[in-house]
Amino acid sequence: MSLAEATSGERLSLEIPPDPAHIVTARSFASGVARSLGLDDETADLLRLALSEVCSEAIEQRRGGRIVVDVSADTPLARVTVVATGVRRDQTGNHSIEATFRRSLIEALAPGATFDEQQERLTVSFTLSAA
Amino acid sequence: MSLAEATSGERLSLEIPPDPAHIVTARSFASGVARSLGLDDETADLLRLALSEVCSEAIEQRRGGRIVVDVSADTPLARVTVVATGVRRDQTGNHSIEATFRRSLIEALAPGATFDEQQERLTVSFTLSAA
Amino acid sequence: MAETDDMDLTLEDQTLGSWSILSVAGELDMHTSPALQERLEALSVGDSPRVAVDLSAVPFMDSSSLGMLVANLKRLQERGGELALVGVTGSPQKVLSITGIDRVIPAYGAASELPQD
Amino acid sequence: MAETDDMDLTLEDQTLGSWSILSVAGELDMHTSPALQERLEALSVGDSPRVAVDLSAVPFMDSSSLGMLVANLKRLQERGGELALVGVTGSPQKVLSITGIDRVIPAYGAASELPQD
């Protein structure tokens, strides 16, 4: 099935514990999604990197809870939403140097990505277009 | 993280539409899970094949609905549960030749796999041990 | 030599003596096996057709193509033809052996080993 | 030559003239980069240590190792030493260039190109 055939709104989801050991599963999920949506290799790389970064961000900031990744076929390619629940770790708002690099990468990979941070819930959304 | 370190009961989940195009995502998910649980290559192959078969079975038998794959770290390695919801396609109980091969493969790969079939819900469960 | 590539699966056929050899590259599952079926049917024409499927570039195969392979074996035999497999290792080998299909469809290590009598 | 292999990441070091070369094989993310940090620290000892990290066998790298690379650059420079990268292509190249780290840490195509003065 190429993207053209993918039903708009068709949704694939992944749920993982907020543990660095499971970020590899988010990337493998991205590889599979890329193949089933017929994304080109460069866009697949972009999706793998973006999900790796967003999951790392969620894991660094929270303790416990879950990470849910949703990818829906949408214009131009897909809409990606990552919701992390769990207790916020860093109450002071200080960002590590890793977090700074991470934010600038996410913004470069997914311009217009939104971050909605609340006490027990972080929601990151972005639209995937061809790399 | 090796399996020894994996918290027992730690759960990874995947949700896909019941479309053959998305079975590749179930296999990629299996690859990621295998890496984060530290499974050896042969057991990873077994998990990829078992999930491919179970998802195919669910897709062949149902229309609409969703497929949810859950993998939990458990003794000896993991507990895998696949739940497919959707309207049952084949009311006569006739099995295609593919379904026959599929069942014998699933039984060889995951001895003791259970199939609970109901009108709108198919649940397949098995325990993963080293290949 | 004809080529089909639907991004997921690449199919190429060529003639070697009395055999049509269909080389498959990619993963064979419920999504991709219909493309293989289509090409197999197209090759199973004429008098006593001999068709060999080369699986050496198939890193993953599940049971979705088994029914089709058996049906094609039967169809080819009814026409006085033959079906054979070439380069069966790894994942295809495992699936073919668990289901016993390896005892039904003859397999050869390489296309050069196909009987040309 | 020392070797570390935690199944996900393989780290090997060897000496080439005045440089210690740490070759990384595997994906570098939040889970695996602590192992790299540990090995980098162990190599950053003595007088004016020169350490090169070979990334040619890293198919995936995200930002998790960037802070650590920059911190090691600083630490090595404080000791009169140097940090360099070798074999930067693909995913590592992309991440290093988007974040501008490629302008901070010198990179060489191959270990043989490292300055030996």
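Lettered A, B, C and D in written order, each chain numbered from 1.
Everything that follows uses one rule, which is that contacts are C-beta pairs under 8 Å (C-beta built on N, C-alpha and C of every residue); 3 or more make two chains touch, one makes a residue touch a chain.
What you see is a predicted model; the values in this text were computed from it and never measured.
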| item | value |
| --- | --- |
| Subunit C and subunit A - chains in contact with each | B |
| Length of the shortest touching-chain route, subunit B through to subunit C | 1 |
| Geometric centre distance via CA averages, subunit D-subunit B, whole Å | 40 |
| Between subunit D and subunit C, distance of the C-alpha-averaged centres to the nearest whole Å | 47 |
| Separation of subunit A from subunit D, taking each centre as the mean of its C-alpha atoms, in whole Å | 27 |
| Intercentroid distance (Cα basis), subunit B paired with subunit A, Å | 24 |
| Residues of subunit D touching at least two other chains | 8, 31 |
| For subunit B, residues contacting two or more additional chains | 1, 20-21, 24, 27, 35 |
| Subunit D residues within the subunit A interface of the complex | 8, 27, 29-31, 60, 62-64, 66-67, 70-71, 91, 94-95, 98-99, 101 |
| Residues on subunit B engaged by subunit C in the complex (per definition of touch) | 20-21, 23-24, 27, 45, 48-49, 52-53, 56, 59-60, 96-98, 101-102, 104-105, 108-109 |
| Residue numbers on subunit A that touch subunit B, as the complex places them | 1, 5-7, 10-17, 19-22, 24-29, 31-33, 35-36 |
